[in-house]
């Protein structure tokens, strides 16, 4: 059934009962032959592909078998069909990037009842529908740091806009929430957020949204695009338009996409965590759960191969680390 | 145009041709020879196989057995274009035009005169069309889209198309079915000149006087077999009918005198912008009123507005003392009106539906309880009328599309008679119906009238009008030009009014 | 539907698709463990419930020669609206009728533009596809309403079922399907739909209220789409403006796969349902066997193409053989 | 009727008046749609003059050109009473293929365009063959092709992405460059458009496409090579779509699997808004292109007008409906006027 505020409390009890029933044994060895499955937002989303591939590689390290399955449209309903089949296949762990935090809840709880471990990554589900959420970086940190960086670039003056993905993308909306909080601080009184535009993570739509923004707000000084598709499109439009050099673009992007625009000076800096590490960490977290090293309770720690040891924070959140800021100086050091 | 000197050798001939459609053997071992400079008639009842035969000559169908010869050489046509290239022009029974294209384009599609770089010469197309139309003595705008042309106008476009080929062989499948005397005369004039220039003509019609008027030779088909092929002089109409039907025929227009009841249908000041204006008349039960006039006079438009498929701009229709809601066929049907429309393929029938369902379509309410259609009732209704109208069909569950033209017309009649109406409007009721059945239909109409049915009959077939009507209303340019009682109705008086020369029935 | 010549009587799409469905089921049960389990069947069925519900009126519409592409957007609108109202503290018992009324209004708009203004339904409903989806995001913006009470949500869950594997929405669908089938194939109303689809003018001349009937069909489609929206919302416990994005293609695909002819006048409801189930179960089977999604997409496409070409090809072959026999 | 023969001048005079009217009716479709466009642009410009700054105009044209191309291709198919739903997928596939082809390598532009063209033509050939020779409903087949081509595209790309950095600047400059201030893309689109329009108007085969759409049966009897023509139409639409895919790459540089995903409906609506009858036989590619321009302009205008993001879809839909309704109503008026005129002159003495 659907999740209700009432039931969420009750079933989070049941959820935690799943975890607390088994007590954590930190020294338990990682089981081999674990079957784990990555369920991305959509299989043809380049970013997710990077994440999942490194996760699958990670699983090999500890002798598990990992696979990536998923829909080609980033819709919650099609993710649900996949979760159900993964349950039928009795996987040891399901790792997913939720298209809708709640739509996927019912089947995920079903999975946990059947002893399947559930780890969310990249985009979280409702808290009681998974044991762990591997967060690329604390949402608050992402949101605020993006505003801080742009603020410095504009020395805290001028109109800015946000170019987001889809209107309903959970992580996007969380980040945007924190951005607004940061902008509320007195030191940003010189900066005004004039619009949040949505490019639907569609390259061509984001491209046109950028055009529109600049036509609508000729005195726009900066654009924050917390999505790899959006920032690339925005940078590309500006690089080939008369606005080049007049408008600052910042946000989350992959070095390979942005290299050209950093080199030609359209973009001074942007940030991102290393998606490869995200997938890798998620794989190990899932393994640790399945092997009983951890239960998902706050304070537990586990070792994630070459990345070292991680500690589970509040609400079963594991944070990958600080995002890297890329610019002319360091961008050639990265390839993803 | 090249014409063979040896008038002895047939230009086009068919040898022992057979054609079946599934279980239906449409033609069996039929032979036919067309000589240059000769007009050859093809006679036969509905479904005898005439259209099938010409479709084989036209390359639409390929014979299952037998062969087609051009100038004595056997040929195989892979489609109409090849027959056309062999100099064979065909007017099909059913006008098939491009509704969205202009009359001119309809006539020259695929054969437009061209300028440099193979570009179409639109001006030349227009002028050539204007020429053809003038030759036929009708007044159509070459640039007018074909959509909305009346059946007759469409037929004229088809004729113009066929003439534009300057063909050696001209084949015409009931070209006159929808035409009035004037146009027919014009057409025959043109055909005769072609014939004198050495073209061979194959002509199909159910109007015997036309056959005798135009042709030298006649081939008669019955049930897909050739009965006879002979010269026409020395042949009487009765001989020909006997060959076609295989028996003697009663009198052609069996008009029973019926005593007239109260007014069943009265139309007052009915007007539809651009089609007809200020049309008023009454039809009493037991009476047969004919609506005559030239093609395009607006007759069909009038009856369509009466029945409510078109919404009139002004005026009212009253049935049995009740004013009808305008523009609602349902209301008209409830009031007991039935309309047998002029265009059976667009308006009369759902082509890919079965015969029984087409006949059932007008009675879906009666055909069962609680909206659920009882198949037995439906079939009963269909069988009943199929018999009464001597429908020639294979299975009642066949789609009407496979019936011959005339038999399709019978299905339309059946469909409407089955509603046993109190006012029956028929638009060209016997279009494409063979003599035998025509007599049947007339007998039926007059007997129904005798039982108190009010009949309004639009017809371009003057003998029919004169033979059947108690009263003749003549339309001219969308107005009723004259009302002529049976006694005074004759060729001259009607034509005079129709062409706008006479102002009353007393003219002529 | 119109009768066909003897030979191809047995080569109708709907029959072919039905056979294929059985085949898929057999192979699934045989080869893949976990396929024939009640649990799997239950959610496989539940997955197609919204599409199935919309497919019913859509079949009637397509038979009558029209089409409605706005159904998925109407689903989204209804979902967003129920969320909005629920959030505003309305009682669910009042939300449902209100949302259904909105569905009716949406259908009315489509129908009015098609019958009164006389626009092609394809064009109109592409327009309303955008409009209704837009209104959905106006209603709910980027929010997602999720706190629907269990007692309603359970109604759509995979676990509350009839006979152990038929979720309530599907049970309801089955009932509606039977009714629709009777209406389409046994009643005069059904007859007139085929007539309209095949030869609109002739239907009008036969006293069939063409426009009124079409209007009614559009309204029905709107209504059912709105209802599907409610089912969707409850099943996924999440009301969002983008729910059911792109479903219209799925509905059309299933209906067409079942052999309902877009040119109107042909088709059977059985065929449409067979097509629907085929797509649903095949997808489920392929996922269970870890067949990549891209392949699933390709298979769907091949199915569509095959479903129309194979019968024609066979018919043509038989036809040729028959002609040789005749000659 | 007969009277007119005695006085032919009267007839020809009547013809001329009716003809001019006919032409107006046929042109009306384009006129009304152009009117809507003008209104929209003017309104937006009044509220924000930058909308028509040369950058603004440039963007409008650039945005429209790819959709316009697809609309031209599509309308040629629709004219024959068929439809091609696979165009969106074809664009996606061709864009990705061209991306793979050029990325890293220094292939020259012409080769890329040819590749796209060929790939699209191939796809069109398959759909066309199925529709024309298999005699199966176009809607089903092309919907099937939509899925098949899309599947192949996804399967090939599988989350891979072509980045602007990998695309040679010669290709990219085709997308961003311009001559005399006019960008290449609109120019290319205009050339294709003009060519198609002229062909449809002035060549037998072009007119035959109209004939087929207007009445397949009549076309058959008139000896029109229906199958070949329909096949041709599909190949053309496919080729144009593939070509558009190549241009897509040039324009956007970044290419993922699902470019132009779901565009088939946008293209169809552009065509229909442009006054091409979905039932075939009526309309011009000019109209279709105008339709495309209108659609994309609505999109840009709404952002420029600072319309709330959540309202944009709703308003777009409403405007779309308004546009086709206006066109329809205007058209009805004209036609009935013509009817009355012609009927009168037909029965004129």
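By letter and in written order, the chains are A, B, C and D; residue numbering begins at 1 in each of them.
To be clear about the criterion, a residue touches a chain if its C-beta (ideal position, glycine included) is under 8 Å from a C-beta of that chain, and two chains touch if they have at least 3 such contacts.
What you are looking at is a predicted structure, and each value in this text was computed from that prediction instead of being measured.
Annotation of chain B and chain C: jointly contacted by D, touch as defined at the top.
Between C-D and A-C, more C-beta contact pairs join the chains of C-D. When chain centres are set by their Cα atoms, the one at the greatest distance from chain B is A. In this assembly, the C-alpha centroid of chain C lies 29 Å from the C-alpha centroid of chain D. Chain A and chain C have Cα centroids lying 35 Å from one another.
Note: centroid distance chain B to chain D, computed from Cα atoms, is 42 Å. Annotation for chain B: no residues touch 2 or more other chains.
Those residues of chain A in touch with two or more other chains are numbered 43, 72, 167. For chain C, residues that reach two or more other chains under the stated contact definition are 137, 141-142, 246, 292-294, 297.
All chain pairs that count as touching, in label order, are A-C, A-D, B-C, B-D, C-D. Partner chain C is touched in their complex by these residues of chain A: 1-8, 43, 67, 69-73, 75-77, 80-82, 84-85, 88-89, 100-103, 105-107, 126, 166-168, 173. Here chain D touches chain A in the complex through residues 48, 50-51, 53, 55-56, 59, 63, 154, 157-161, 163-165, 175-176, 248, 252-261, 299-300, 302-306, 309-310, going by the rule given at the top. On the side of chain B, the complex with chain C involves touching residues 20, 22, 64-65, 309, 329-330, 332-333, 339, 341, 346-354, 357, 360-362, 364-365, 367-368, 371-373, 397-399, 415.
Contact residues on chain C toward chain D in their complex (touch as defined above): 69, 113, 117-120, 122-124, 126-135, 137-138, 141-142, 246, 249, 252-253, 256-257, 261-263, 292-305, 307-309, 312-313.
By the touch criterion stated above, chain C contacts chain A in their complex at residues 34, 37, 39-40, 43-44, 47, 137, 141-142, 144, 146-150, 152-154, 156-158, 232, 234-238, 240-246, 283-284, 287-288, 290, 292-294, 297.
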